[in-house]
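Read through the structures below before going on.
Each of the next two complexes has chain A plus one other chain: chain B in the first, chain C in the second.
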Partner chain A sequence: MKSSPSLLSVVNQVLANKRRPAVAALAPDTRLREELGFDSLDLAELTVRLEEAFGVDIFAAGVVGTAGEIEARLPPERK
Partner chain B sequence: MSKNILITGVSRGLGLAVANAVIAVGWTVYGVSRTSSPEFAALASQAPERVKFLAFDLADADGVAQGIFGADFAGLQVPLHGFVNNAASAYDDLVSNLDLERLQAMYAVNVFAPMVATKHFIRNALLHGQGGSIVHVSSISAHTGYKGLAMYASAKGALEAFSKNTAREWGERGIRSNCVVPGFMETAMSGSLSDEQRKRIYSRTALKVPASLESVAATVVFLLGEGASSITGQNLFVDSGTI
Partner chain C sequence: MKALTEDADCLWLDPATGVRVTYGELREQAGLDELEWRPWLCPETPGEAVLGLLTALLIGQELTLVDADLSAEEARAVGATQERLAEVRRVPGRRFESAATMIDRIREEWKAGVAAGFRLTLFTSGSTGLPKQVTHRLDGLARMLRLGERHREDVWGLAYNPTHIAGVQVILQAFFNGNVLVHLFGLEPAKVWSEVSLAGISHLSATPSFYRMLLAVAEAKSNSNEASIACGVRAITLGGERSDEGLRLRLAACFPAAKIRNVYASTEAGALFASEGDIFTLSTDLVGKVRIVDGELQVASALLGEFAGGVAASTDGWYRTGDTVELVSNEPLRWRIMSRQRDWVNVGGHKVNPAEVEAVLLAYPGVREARVYGRDNSVLGQILCAEVVAASTPEEVDLRTYLAERLQGAKVPRLIRVVDRIARGRTGKQAGA
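Right, the complex of A and B next:
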């Protein structure tokens, strides 16, 4: 599956704020906590940045863990 | 640096005094209140570009997200630097007369709406990455206890606990949260007290006078600013030295 470049850029923005290196791509099963080292506050920041970009609160319908789960909650035209 | 400060209950009393103090230091007010007032309109005419106003009733805690934090007012497009949770609704009665509906209505305004607003303020601060300062206006009644104020004081106690925990949770993102704890002030909120009750309350303070609106407002502005950058999770008493 091809990751949405926008989701990737938002993920990298959160990583940059933590002074961590950017990732080149996201696979559907990329786990944000375990693989990218996101903590709960990073996930909160990601949520806000995605809401600003896509108008969707990805946590409104429950917890997400992987890049694929996030993409599934973004508006269809983004996929 | 200029700051955008969201203030609830902005049209009169302490909220108006805070708005005046915020404008005086050169920042911008995003004021929320059920209705405006001649005094607030006068402030707005002094600095029209720096005074925004939204008529909104915080009894509608559900509507806070869209109403206050929607794109038409203090949405994500506006970097917010401070949130002053000042609006409050009074509910004075003996505990033995407690009415659940009135209690819930008071909690909607005094606790639920401010908690929802805090959620959206934090989200705004996360997006803009500049930190932020939350100031809740509590009440001395949460600490000393007064006959007839148990329900009201319980809501202020809830805010103090919420503030302390918000401070702990979001400190690493530069978001501070503090409470100002005013003693009795001469505002509409304490308007139902008799002269006798007032005298008794003021006699229980070191200064023997009501807490001044200006002193409380100045403390709020101090907590919003850089001078308070190392202060978080605190309750600051501005209460004429209540004993």
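Right, the complex of A and C next:
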């Protein structure tokens, strides 16, 4: 994947690796566990991939449950 | 304070399903004239594992607990065939007058060394790549239990997989004291946190990864002025992975009334040691049965369970645990654990042997080389990663699917890279692991 990463693209990569359909968009209140069916292993994978893309450990400062909470922890200069 | 366990006392509580089982119900089930007994059990729910284990103990039967998490291939390899899992024997039950006499009787038989018939077989991952089968008697499993008057009112959270050695410890600890056991394994961290208060849990035993998840919830609540400490918890036990001082301090802040200790148990040897702080010592009955050679912890073979197929644990009477320790003193023997099972990756308390995963990767068409390693992760402690060199360029998702069909979930690397060559001479573990 050469296009610049976004939370959406990383989430879809985690879903694709489980052969699950991609989501078109993430709302700030989209819940990763309940709505996207992420388990602990999926969340761990998401943190590693986001860390590679953005250099930030989203779980380092406590638990995150929604897409909005993750966005808030990613660096602002990305796009 | 109640004097004795009563039939109406709750033994098992599952907040996820609302299932509640009393000591009386367990007693009645064991007391039937004849039981339909499944010697091989692959429990669909934790409750099924708890009741199966305790019933085996009460009626003196052998039980093999198979983790539902095993892939079809692994299950076949350990002999958990459909026929075995479907086998039902008709066996005689055993009557007890009351819940209190039921517990007393089993405890007396255990102390007298006559816990007849009961054997528990569990599986561990072996270095050959196949899960190893280990059979324990009650004394190996119950070595570290804390019994007595002051444990009567304990309420235990079961945060371990009940088909693993650590889960079995918690189940037996609760049973022998007539305690309530509350299902927490596999629940969402936020749900675990609320159940700790709702169910009045006083004792927790879990991996450092589990506590990190729980602390993240509690610490997030402290920012929003919600209840962020749990004063009802009196004891916190850590096991399965190396803990650290930072985690201990965070636990002490969140559970101010709790005594924090570490335990050491392995599928091969059962329960062995406990530590206050990070220094482990031996109970008097184990003196001379544990030694440290070249920084490795070794355990006398006599302490081990029976390995299936006559697999020799060692040739010289000492079993090499593969755990790296730092000697603190010789007399008495005291040590710190530096890393458990060197080279193994601990994915959320689930120990994965990289060599086993590499072997499966190498069987994928076109893959020439594979390296599997752990990487630190704030969710699970460590996460499994892999690099492969392949003739073609396989898609990550295809490799993942291939592995998922052959291995348990925790053994499937979550980050797989196709590279031109694998750098040799690297330790495998990333900084800090």
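The rule is simple: the second predicted complex is superposed on the first by the 73 of 79 C-alpha atoms of A that agree within 3 Å, B and C clash if a C-alpha of one lies under 4 Å from a C-alpha of the other, contacts with A are read in each partner's own complex, and residues count from 1 in each chain.
Please note the rule applied: contacts are C-beta pairs under 8 Å (C-beta built on N, C-alpha and C of every residue); 3 or more make two chains touch, one makes a residue touch a chain.
From a predicted model like this one, the values you see are computed outputs, not experimental measurements.
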{"item": "First (chain B), second (chain C), both or neither touched by A:G55", "value": "neither"}
{"item": "If touched residues of chain A are counted for chain B and for chain C, the larger one", "value": "C"}
{"item": "First, second, both or neither for A:L43, with chain B first and chain C second", "value": "second"}
{"item": "Partner chain in contact with A:P21 - chain B first, chain C second, else both or neither", "value": "neither"}
{"item": "Touching both chain B and chain C, residues of chain A", "value": "17, 41, 44-45, 47-49"}
{"item": "For the chain B and chain A complex, residues of the former touching the latter", "value": "76, 122-124, 126-127, 129, 170, 172-173"}
{"item": "Of all residues in chain A, those that touch chain B in their complex", "value": "17, 41, 44-45, 47-49, 51-52"}
{"item": "Contacting residues of chain A [partner chain C, same complex]", "value": "16-19, 33, 40-41, 43-45, 47-49, 57, 59-60, 62-63, 65"}
{"item": "Chain C - residues contacting chain A, complex", "value": "188-190, 213, 216-217, 219-220, 223, 347-348, 375, 377-380, 383, 385, 396-397, 400-401, 409-410, 414-415"}
